[in-house]
Each structure stands twice: as C-alpha cells, then as structure tokens.
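Scrolling down, you'll hit the structures one after another.
One chain, chain A, appears in both complexes that follow, with chain B as partner in the first and chain C in the second.
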Partner chain A sequence: MTFDLFVLPFFLGLLFLLAVLFIKYSRWIAMMSGPDRVKAGMALFSVGMLKTMWEVFLESLLHRKMFKRNPLLGYMHMSFALGWFLLIVMGNLESRVYSGGHINPPYYPIFLKFFIHDKRVLPFEIFTLPGFFRFTMDLILLFVLSGLVLAIFKRTRSRWFGMKRATKHNKLDKWAITSLWLIFPMRLLAESFTAGLYKGGGFITNSLGSIFDAVLPLQYLAYPAWWAYSTMLGVFFVTLPWSRFMHIPTEVMLIYLRNAGIKQGKYPGSFAELELRACPRCGVCIDVCQMNDAGLNGSTAVYFIRALRENRAEVQLNSNCMMCGRCLEACPVGIDTLGLRVGARSVDNIMVASDFSYLLPQPSVKRKADVVYFAGCMGHLTPGVKNAMQKIFKNAGVNYNFIDKDGSICCGRPLKLAGLKDAASKLTDENTLKILETRADLLVTSCPICYKIFSDDYKLKGMQVMHHSVYIDKLVTEGLLTLQPSALRAVYHDPCELGRGSGIYLEPRNVLKQIAEVAEVAEHGVNSLCCGGSIGELGMNSTQRNTIRDGALKMLCEPQPDVLVTACPLCKKTFDSGNQVAVKDIAEMVAESMTINRQPVNNKELVEA
Partner chain B sequence: MEKKARQFGYTITRDRQIDYDANKHDISKIVAAAEPSLNLCISCGTCSATCSAALFTDFSLRHVILLLRRGETSGLAKEVAKCMLCGKCQLVCPRNVSTRNLIIQISKAVIPAQL
Partner chain C sequence: MPKHVIVIGAGPAGLETSANLAKLGIAVTLVEKEESTGGHVKQWHALFPALLPGTEALDAIRKGMPENVRVQNKTTVTGIEAVNNYFTVSGHNGWQEKADAIVFATGFQLFDARRKEEYGYGIYENVITSADLEEMFATGKSLVNRHGNKPERIGFVHCVGSRDEKVNNLHCSKVCCITAVKQAIEVKQMLPEAEVFCFYMDLRMFGRHYEELYKEAQEKYNIQFIRGRLSESAEDQDGNIVLKVEDTLLGKPLRIKAGLLVLMVGMEPLAGTKSLADKLGLTKVPDGFIQPADEVLQSNFTELPGVFVAGACSGPKSVSDTLADARSAALAVAGFLKL
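Entry: the complex of A and B
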C-alpha cells in the first residue's frame, strides 16, 4: 500500500507551490536583461557554483550571520532550516531502505511511518540500518522541535534573542507561520500514535507512543493525526509564495545571482523583485534603525520592503530613510535596502533635469598641480573645514589647486539618493570634465558624500580619489606633517558615508590618536550612528531629525569628551546645532595641532580666477 | 544702475502688476499638504544666500516660494530644475523648512502640467 487519501493535501499543495514558483521564476528570468541572463547561465557551469553552494549552506541552512548577531537567534533559525532539510534528505534515504533503492513518490518518504510499520530490533536497534534511521529521524525531529519552542518563546521574550522589537506580521504571514509551527508537532503526534499502535518507532516516538497507547484510543486517533499533518503541510505550501516564507526559495536564487556578478540594476527589475521576496521579515533591521527614535518605526527597512513587495509603498515610506546603511550592515540576507529605497524614490520623484548649461564656461585651470582639492557644498558651508585644509596643504608644502574655491555645482549624490538619476548624471558628467581638465594625479575632498560618489560613479581615468582624513594620514606617515599631542579627550564619530559607505575607519583614528586621547563609544565603526542630518532623507520634519541627532549625541557624549571629532562637514554642522559638546572636523584638529613649518616651502595655490 | 546693484549682491526687479485673481492658488495648497513646513517660511532669503546654484544663476528658493504662494506657478518647473538638492539651504534655514523635499514636491506638483 503506497497511497492513501490523506496524502492529498500535502501532495496537491506541493504541486501548486511548484507551479507557482515555476511561473514566478520564468517571469523573473524573462525580465532580466540579455547580458545578465548570459551571466546567470554561465555561472551555472563555473567554479563559482561551488562557492554559491557553500554560501547557501552557510547562510540559508546554518544561518551563520544570525549566529553572529545572537547565538540563540541563530540556533532557532538553524534548527528550522537545517533540521527540516535533514528531515527531507534522511527521510528520503530511509524510504529507500524499504523500496529497494527506488525513487518513491514525493509523499512516500514524508509519510513513511504511516506506510511502513517496522518492528524494533532490541537491544541493538541502532546498529541496524532501519534502526539507525529511526533513531536519527527522531533526533532531527527533536532538533526542529527545540527550535519551535524557542520560536514560541521569542514571541514574548524577544530580548533573549537580542531583539528589542520583533516584526509585526500581517494576516497571511500569521497563517503561514501557524501552519509551519503545527507541522512538526503534528508529525510527532502522527508518528507517535502509529508507533504506539504497532510498537515501532524511534527512541522518542516509541516511548511517547507507549505512553499514549496506555491512555488514548490510538486506533481512532492515528489516522486523523496523519490527515492533520498532511493538511498543515498543504496550507504552508499554498500560503508560501505570498508570505514571508517565499524567502526560502528566493534567497537561494539571490545568492546564486549575486555570485554570478549580477547587480540590482534598474528599478523595477527582476533582481529587485527577488530581493523583495528574499526578505524573511526577520526584523533584525528594526532595532538598528534610528528612525525608531523619531517614531517612524513603520518606515524601517522590513516594513518598507513588505509594502513595496505588496505594491502598496507610499511616498512617505519611500522618502523616510537616512540612507545610513545600518540596516544594510545588519541584514543577514544582504538585501540592498538602500538601493531599493532609491529605486522606489525614482518612481515617486520627478524633476526636470536641468542641463546645467549655465555652468559654462568655468574658470579653467591653466597650470597643472599634483593635487586638486574639492571642498564640496558642505565643505563650503563649514568654512572652518576648508580653511583648515588650505593651511594643511600649505604647511605640508603641497602643490595644489582648490578647484571649487569659488563654489561649484553639487557632486550629484543628493540627487542620486533622491532617485533622480538623470539629473544626477548630468552633474557627474559636468564635474568629471572639470576635474579631468586639471590633469592632477590625486583628488582630495573634504566631504564623504562627494567622496562616495567620486569613487563609486565618476570615471576619473587614473586619478586617485582620497578623503581628506586619508590624505592627512598619508601626509603624516610621509613625514610632511608633524603633529603635537594634546591633553584633549576626544570621541571620533564615523560618518555614514565614510564608514559604512566607503569602509574608512582606521585613517582618521590614526591621525586623531596622535593629537588627542581617543575614547571609543559603544556604537562605533560599522555600528556608528547617523547624525540625523543626512542628505539621503527626504520625509522627516526638523523635530524628527533633531530627535535622531540628540539620540546620537547622547551616546557619543557618554565618555564625556572635550571634543567630538568627525570627518564630515555635514555631521559637524548637524552635531554643532545640538549644542552638547564642541564639534570639530579632523582637519581642524590637525590644523590646530601641527607644527608650523618655518622653512620656505615651494608651494603655491595655482587656481586662476 | 543695475550693474552697480549687482556688485552689491542685489538685482533690480522691474515694476509690474500682479493679478491675484488670475493666478493658480491650488498648487501651493497641494505642495503645503505634501510638505507642511512650506507654511513656516518667512521669506528671509537665507536659503538663497547660501545656495550653490545661485552662484551661477539667478535661481532663488526664496523667490520660488514667493511665486508659489502668489500662484505664479507657470515657470516653476524649469526654475526648480536648477536646484541640485545639495541641502545647504536646509541647514541654514532659520525656520527649519524641509527645503529639499519642498523642492521635490513643487516639481511633482507643477511638472505634469508644464511638460
């Protein structure tokens, strides 16, 4: 007997799921651009495939990144994912013991204990092949159930799992989660009842079965239990494509495409669609987001992504976000939350792209210098920063051109972050021409926002781009600047665009340590907070921005520093307005504490007005 | 005269009459609904004084807001396009107007009609 009616809810659910997945995947593949499709196809036969498989194992089954966040959270996710995977694999092998190695219909291994009532071989049960499988299968089921217990605890005790706030789920997710949670207890009951009836089963199902047999009329209960188990599987499969659990098949595909070198690209597009579905709504991104401080919990990445996936993203959701990258850093799936937000904005926001022709002719640079300096809009708004840089160049005897001394157009990053890509690219093109015209080897900028777009998007053939903090570090290392230590106690704040955005953490600290005593705060480096002044934000009012600023200031002032040092003119300006502590840019600190070179140095500022 | 005035950072606007009844007042209502801080603006001009775009053009956010409030919106789409969203104005505005979003909202309100 290898068929029974009760397998139908499972079997039909599975067929339905596979059909839906087939349709969805075909649509995404059809939406991909030609070159991307070629890349994806090639990757299938490359060595990179091994890397992909390893990554799928580490992230989708072991949940390594979750473990890093919180071991209990990692264990919970792993027990479900790896446990279920092992149940399927081992169950399949076990079923072949009884079918002489043949492949069986998909429901057969799942409901094996219904079809096969093998007697136990005591006392050496575990040393027989069927006995070994019975033991292992029970053990794995126990593993999954331990995760389930944790998941239930997490509902009310999310703090144990390192999470202050858990995701609020919608109706469909609740259906899906309930069916998922019931699958494994139902399996345990069905197998135990049958084990009790036929004196079979593994170490758990057998013992439970004997107990049940003593108190319950198992002959009436076993069959309904199998029906319930199968139905729960069916419900889960049918809800899966529209629930958070769509992440299970999608994350695998995402890892594969990412390793094939495919980028998010244009929005909306198939990669973005995949990213939206690869989000399991784990909620890790909620706590890290400072928008909570401003009462904008509903705009955090998880809810934004859900709204976008369900085609009901509102302008408010799209424009709220400081693009600080904290969620991106924390996301265990590696979803480009910032790119998606920019994508959604590109649909919302429109602006006539000016051709900026009014900019021409620009004062052209007649003589070549080794270094060009670009203060940026924000650098000009905080004259202390650009003045300090000019002093530093002079003192180090550097031959430089201050290309935006008399102002300049914007670097284009604010427009880009607002989703106005065309307007942004006009600015980047214009600036690129102007910068290349100087024929310098090195472009130094004071603004991390400019630095980010210079390094990411500008095509500055052969010209190196440096943020001033890195440049100063270089000058000091080369002995062109000598710094004097002081008794100041300083805290260094990592600007979002420089730290998480560009990976620069060490150089500003290197420099600052030679001038002051540096105290590290709780949230520094990759975990640094946003100052709240972000040019990536569009929807908040000033009260909300100030609340975020004050929250960050509170944390930064914990070591009671004499001075708060940062490397971004916008952070400086924002923190300054909080009136909590003296705020200085790293360049200002350096300009104040360098030994002034008395020797006549052969340097001139070469820009011609 | 005009040249002299420019040296001191001023321009001279020619005398003209404004017909309030013929102007479009709904646009400013739409914009104020999308960005309520529009109502905080006191036309002080600080934004225009710091504006990156104003270095190269006669673009002035203060003027844009004035035109918007008067309902003289016919040229606004082209006008706000000169803004680069750099954000300097937002940092200096004494009334904490969310200028960047304001500019985007003005564009959204006027562009469909003016393209």
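Entry: the complex of A and C
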C-alpha cells in the first residue's frame, strides 16, 4: 500500500507551495538586472557555492547567530530547523531502505510509519544498533518537541531567552505558527497510535503506543491522527508563502545571492523583495531598538519590514528610525534594514526645496597641500572640535588645507538617508570637484557622517579618507604628536556612523587611553547606543529625542566619568544638551593634552581665495 | 505667638516680599546663599526701559527694611520639610529654623551660553553675553573688544537659550528682547560710529514703553534689526567673528563680520529650586519653574498650603513684574496666616 486519502492535505499543500514558490522566484529572477543574473548563474558553479552551503548550514539550520545572542534561544530555533531537516533526511533514507530502495512519492517518507510496520532487523544493524532508524527517528522527533516546549515557554517567559519583548504577530502568522506547532505533536500521536496497534516504533513511540493501547481504543484513533498530522502540514504549507515562515526558503536564497556578490541595489528591486521575505520576525531587533524609549515601537525593523512586505508602509513609519544600525547588527539573517529604510523613503516622495543656487559661489581651493581637512556642517556647529583639529595640525607640522573653512557644502549623507538620492548626488558631485582640486593625498574629516559617505559613495581617485580619530592615532604612532596622561576618568562613546557604520572602534580608544583612564560601559562597540541626535531620523519631536538621549546618557554615566568622550560632533552636541556630564570630542581631548612642539613647522594654513 | 515666615532668596523678589511681610507684623527670616542681598540686579548696570541704574533700584528696595526681617546670609538651603502645621528649613552650615509659611523667591539662573557651542562663547574671545556686556558698562570705561579694539560692528543675538528646543528650553525669557534694544542703544551711545545689528526670531515688546524704545532704536540710533537666527559663528585671523545667519524676510543667507558678538542669554530655572521643591513634595515643577496653583487666579500659591512663590522662580519676569509679584505674595501669605 503506497497511497491513502489522508496524504492529500499534505500532498496538495506541498504542490501548492512549490507552485507559489516557483512563480514568486521566477518573478524575482525576472526583476533582476542582467549583470546580477549572470553573477547569480556563475555562482552556482563556483567554489563559493560550498561556502554558501556551509553558511546555510550554520545560519539556517544551526542558527549560530541566535546561539551567540542567547543559548536557549539558539537551541529553540535549531531544534525546529535542524530537527525537521534531519527528520526529512533520515525519513528519506529510512523509507528507501524499507521500500527496497526505489523512488517513492514525496509523502511516502513523511507518513512511512502508516504504510510500513516493518520490524525487520536490517543487515547492518545486527552488529551495531538494532532498530537504528526507529531509534534515530524518535530521537530527532524528541529533539524537535523539546524545541516546541521551549517555544511555548517563550510565550510567557521570553526573558529566559534574552528577550524582553517579543514580536506581536498578525493573524496569518498565528495560523501558520499554530499549524507548525501542531505538526510535531500530531506526528508523535499518529506514530505512537500506530506503533501501539502494531507493536512497533522506537523507544518513544513504542512506549507511548503501549500505554495508549492500554487505555485508548487505538483502532479508532490512529487513522484520524494521521489525517490531523497531514492536515497540519497542509495548512502550514498553504499559509507559508504569506507568513513569516516564507523566510525558510528565502533566507537560503538570500545567502546564496549575497555570496554571489549581489547587493540590494535600487528599491523596489528583487533583492529587496527577497530581503523582506527573509525576515523571520524573530523579534531580536525589538529590544535593541532605542525608539522604544521614545514610545515609538511600531516602526522597529520587524514591523517596518512587515509593513513594507504587505505594502502598508507609510511616511511616518518609514521616517521613524534613527538609522543607528543596532537592528542591522542584531539581525540573525543579516537583512540590510537600513538600506530598506532608505529605499522606502526614496519612494515616499518627501517634498524638499531643491534649490542649489547657493552651491555656485564656492571659493576655489587650488592650493596644493598634503592633507585636506573637512570639518563638515556639524564640525562648524561645534567650533571646539574644528579649533582643536587646527591646533593639532599646526602642532604636528602638517601642511593642510581647510577647505570648508569659509563655507561648506553638506556632504550629502542626510539627504541620502532621507531617500533623496538625486539631491544628495548634486552635493556629492560638487564636493568631489572641490576636494579633488586640492590634489591632496589624504582627506581628513571630523564628522563620522561625512566620513561614511566619503568612504562609501565619493569617487576620490586614490585619495585616502580618514576620520580625525584615526588620523590622530596615526600622528601619535608616527611620533608627530606626544600626549600627556591625565588623572581624568573617561568613558568613550562609539558614534553610530563611526562604529557600526564604518567599523572604527580601536583608534579613538588607542588615543584616549594615552590621555585618560578609560572605563567601558555595558553597551559599547557594536552595541553602542545612539545619542538620539541622529540626522537619519525624520519624524521624532524633541521630547522623544531627549528621552532617547537621556537613556543613553544614563548608561554612559554609570562609571561616573569626569568626561564623556566621543568622536562625532553631533553626538557631542546632543549629549551636551543633556547637561549631565562634561562632553568632549577626542580631538579636543588631544588638543588639551598634547605637548606643544617648541619649533612649530611654519605651515600657516594656506587657502587661496 | 507671632507668626514666622522664611523667605528663600534675597534678590528683588525676596527683599520686597520680606519687607511687605514685616510691615504686616510678621517675623521674617530671609535666607541668602551669597554674602550680600540683591541677586542678579547687583550685576546689572541699568534697567530698561528708563535706564534706571541697578544699584539705585536695589538701594530703593533695601531702604527702610523693617527690623523684624533677619537676613541669614551665606546660607544655602539644603533641607526643607513640612511637619504638621509648620515647616523646618535647614541650611548647609547647620542653620535650622521653623516657620509657619515658606516663600520661594529663588529666582533664576542665566543660561550658560557655552551650551550653544555653535555661537562660540568660551571659544572665541569676542563672543560675550548680555551679562558680560552689562558688567563692561558698569566699569564706565570705553567699549573695546577683547583685542583692545573699538568694534566697528556689533551683533546682538536674541533668544540664546530661550525658545530653543535644542537646549530643552521652550519658554520665552521675556526680558531679553527689550534688554537687547536697551543694550544696543547704550552701545550706540558709546560708539556712535559703530554699526549695530540685532538678530531676532520675533520681537516681543509687550511692556509699557518697550515699543517706543524699539522705535527709537531704529529711528534715532539706526540699529539694524534682522529677522533670522544665527546658525553659527566662526573667527577670522584678526579675531573678528564671522556670522552665518539667514535673513528670513529676504530669504537670503548672510555672512557678516562683527568685532563683538553679544549673546542675549535667557533665564533658566535655578537648578536648586527643583531639588528643594522635590524635598517638599511639590509635584508641579514641569520644567524646573514652580507651577503656581493657578496661573491666573492664584499666581503666588502652590499646590501645598503654606508654600508660596514670588518672582522668577515661577517663570521669567522683569524687575518691575518681580516687585509687583513679591508684594502680591506678601498679601497671599498674610491671608494664609489669617492676619
């Protein structure tokens, strides 16, 4: 017997799922640009494919990143993913062994225990493990069920899993998860009932079967249990493409395309569409989002992505994000949450006055110098920072050119983050010309916001770009600056754009350690908090921003520092307005504690009008 | 037993409240953290609108202070407690007294202009505050900038630390508009050749004769009023301040060089007021200024019986408003003590 009517819910559900996936994936492939399609095709036959498979194994099955966050959370996800995967693989092997090795219909391994009540001892089992498959399949099922128990616990005890808040799911997701959760207990029941009837099964199904047999009329219950099991599978498959569980097939695809070198590109686009569906709504991004502090919990990455996927994204939702990158850092799937946000904003069609007439009369700076210094708008709003940098240049005897001294053009990053790509490119083009005119080898900027866009988007032909913290570290290493230690106790705050945005954590600390005693706070480095001053946020009022700022300040002031040091003029300004602790930029700290060179090199800064 | 009231703070509000309470036969202890009484007015050269000298004003207020006012100077109030139907107030130096009622006359503190770093106070020598300018007037010497030069152009920036969400101050400090007009005129009187600019958001000339003074500033003294907030200032090689400002009426950005820049610093609630109010159990101190029981009908009462407010601790006030408020506070206290 290889067929029974009860397999139909599963089988039809599976066919439906495959058909939907086929249509969706074909559509995305059709949406891909030509070069991307070539890249994707080439990757299929490259060595990189092994790496992709390894990554899929680590992330989609083992859930390595989830483990790193919290072992219990990792185990829960792993037991479902790896457990189910192993059930399929082992089930297939088992079905082949017991059916004589020929190709079986897809439902056959799933419902094998219904079709075959074989208690044969297989040839290889005589010397090793008798009942190898029965034992193993029961063990794997137990593994999955242990995850299910944890998942139920997580509903009320999410803190055990390192999560203060869990995702609020919509109706469809609730249907999907209910069917998913019921699949495995149903399988246990169906297999146990059948095992009880036929005296078969492994160490769990057999024992449970005997117990059930003693108290229940199994001859009436076994068949409906198989129907229930199949139905749950069917419901799960039918809801999958529109629920969070679309991430299961999509994450694999995402890893593959990412490793093929395909980037998010323009929005809306196929890669972005894929990312939206690769979000499992695990909710890891919720706790890390500081917008919660301001009572804005509806725009967190998970909800933003869901709204975008369901075409419900609105200007307000897209606007409420500081673009600090904490969700990006936390996301176990590695979805480019910031890129999606910028993409969504780009179609919001925010009205801005695009009058760039003020760009024209910019003073030309043709004087050749070794270093170009760009303070940036925020550098100008914190004159303490730009003054400190000028003192440092002079003291180190650097021949520099302060190109935005008498008037600056914005670097373009605020417009870019607002999704106004064209407006941003007007500024970046103008600035590029101005910077290249100087024929310098190195561009130093005081603002991590400028630094980020200079490094990411500007095409500065061989000119190196450095944030001033890195530059100062270099000057100190080369012996051009000598620092004197002080008795100050300092906390260093990693600015979003410099730390998570650009990966610069060490250099500012290297410098600061030579000046002050540095105390690390709980949330530092990649986990650093946003100051709340973000230029990437477009919807908050000042009270909400202040709440976020004060939350960050509270954490930063825990070691009771004499001074809070940062490397971003915007962070400095924001924390300063909190009025809680002295706030200084790393450049100011350096300018105050450097040994003044007695024979300064004559390098009176030269700027041609 | 004679009634006893403790008044905290011996600026114009505290002095005037105490004098009026004493005239009504109430024993008063006036607690002052500094050595001498007078508060901020001590540092003020002349008061608008009629340029009444600050010292003259203070002398008039202090003159004839009744004997039943005892000044407890050099005492910072650190503790305050409501016990049954009286209050216990204690100072940092061990001083402690009981009272039947308490008047908060703690006043304000000037906004620390360094918190608007983009304006360059504390960074560029020729950026000063309105309080610094008043001190310079008091010396009686001719007006020079920190480089010893007579400034050819002087800028006044209104609303520094007031009506500015970025520094968490939403309130209007009320007195800075007219103070800027007053100071601009005084500068012009000292340096008739100099050009004087005032950069404002809008001008709030609500008081008697303020508008006249503003008109005079324009017509008689040729002071330029430009609607626009300063965005940032920088320093050139000669120590001049380069102002980046937008003229919002013309819709054009401006760059102006000035030899001296004056920041009209506003009033902020005194940091200590809130902590004292907290100790006493006053819950309505929304932004550091004490909220009266009713802003229209009971402006000197607080939510707690026996606790009163006088002067700028309940919100920015001019000297004349403060004195009127202080007299009204004295009557409110007397009424409470059923005299």
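Here are a few things to note about the model shown:
The rule is short, and it goes like this: the second predicted complex is superposed on the first by the 587 of 609 C-alpha atoms of A that agree within 3 Å, B and C clash if a C-alpha of one lies under 4 Å from a C-alpha of the other, contacts with A are read in each partner's own complex, and residues count from 1 in each chain.
The criterion applied here is as follows: a contact is a pair of C-beta atoms (placed from the backbone, for glycine too) under 8 Å apart; a residue touches a chain by one contact, two chains touch by 3 or more.
Computed from a predicted model, the values in this text were never measured in an experiment.
Following the overlay on chain A, a clash is recorded for the pair chain B and chain C. In the superposed model, A:Gln219 makes contact with neither chain B nor chain C.
In the superposed model, A:Leu427 lies in contact with chain B only, and not with chain C.
Once the two complexes are laid over each other on the shared chain, residue contacts for A:Leu538 go to chain B alone; chain C is not touched. When the two complexes are overlaid on their common chain A, residue A:Cys410 makes contact with chain B while staying clear of chain C.
Contacts of A:Asn579 after superposition on the shared chain: chain C is touched, whereas chain B is not.
A count of residues in chain A touched by chain B and by chain C gives the higher number to B. In the superposed pair of complexes, A:Gln484 makes contact with neither chain B nor chain C. Using the contact criterion defined above for the overlaid structures, shared-chain residue A:Ser46 touches neither chain B nor chain C, since it reaches no partner.
By the touch criterion stated above, A:Leu381 is placed in contact with chain B and with chain C alike.
Within chain A, the residues touched by chain B in the first complex and by chain C in the second are 358, 380-381, 406-407, 542, 573. Contact residues on chain B toward chain A in their complex (touch as defined above): 34, 36-37, 50, 52-53, 55-57, 77-78, 80-82, 84-88, 91-92, 96, 98, 100-101, 103-104, 107-108, 111, 115. Put simply, chain C touches chain A in their complex at residues 115, 117-118, 120, 123-124, 165-168, 231-235, 242, 253, 255.
Here chain A touches chain B in the complex through residues 315, 319, 348-354, 356, 358-359, 377-378, 380-381, 406-410, 412, 414-415, 418, 420, 423, 427, 533, 535, 538-542, 570, 573-574, going by the rule given at the top. Residues 358, 380-384, 387, 405-407, 542, 546, 573, 576-577, 579 of chain A are the ones touching chain C in the complex.
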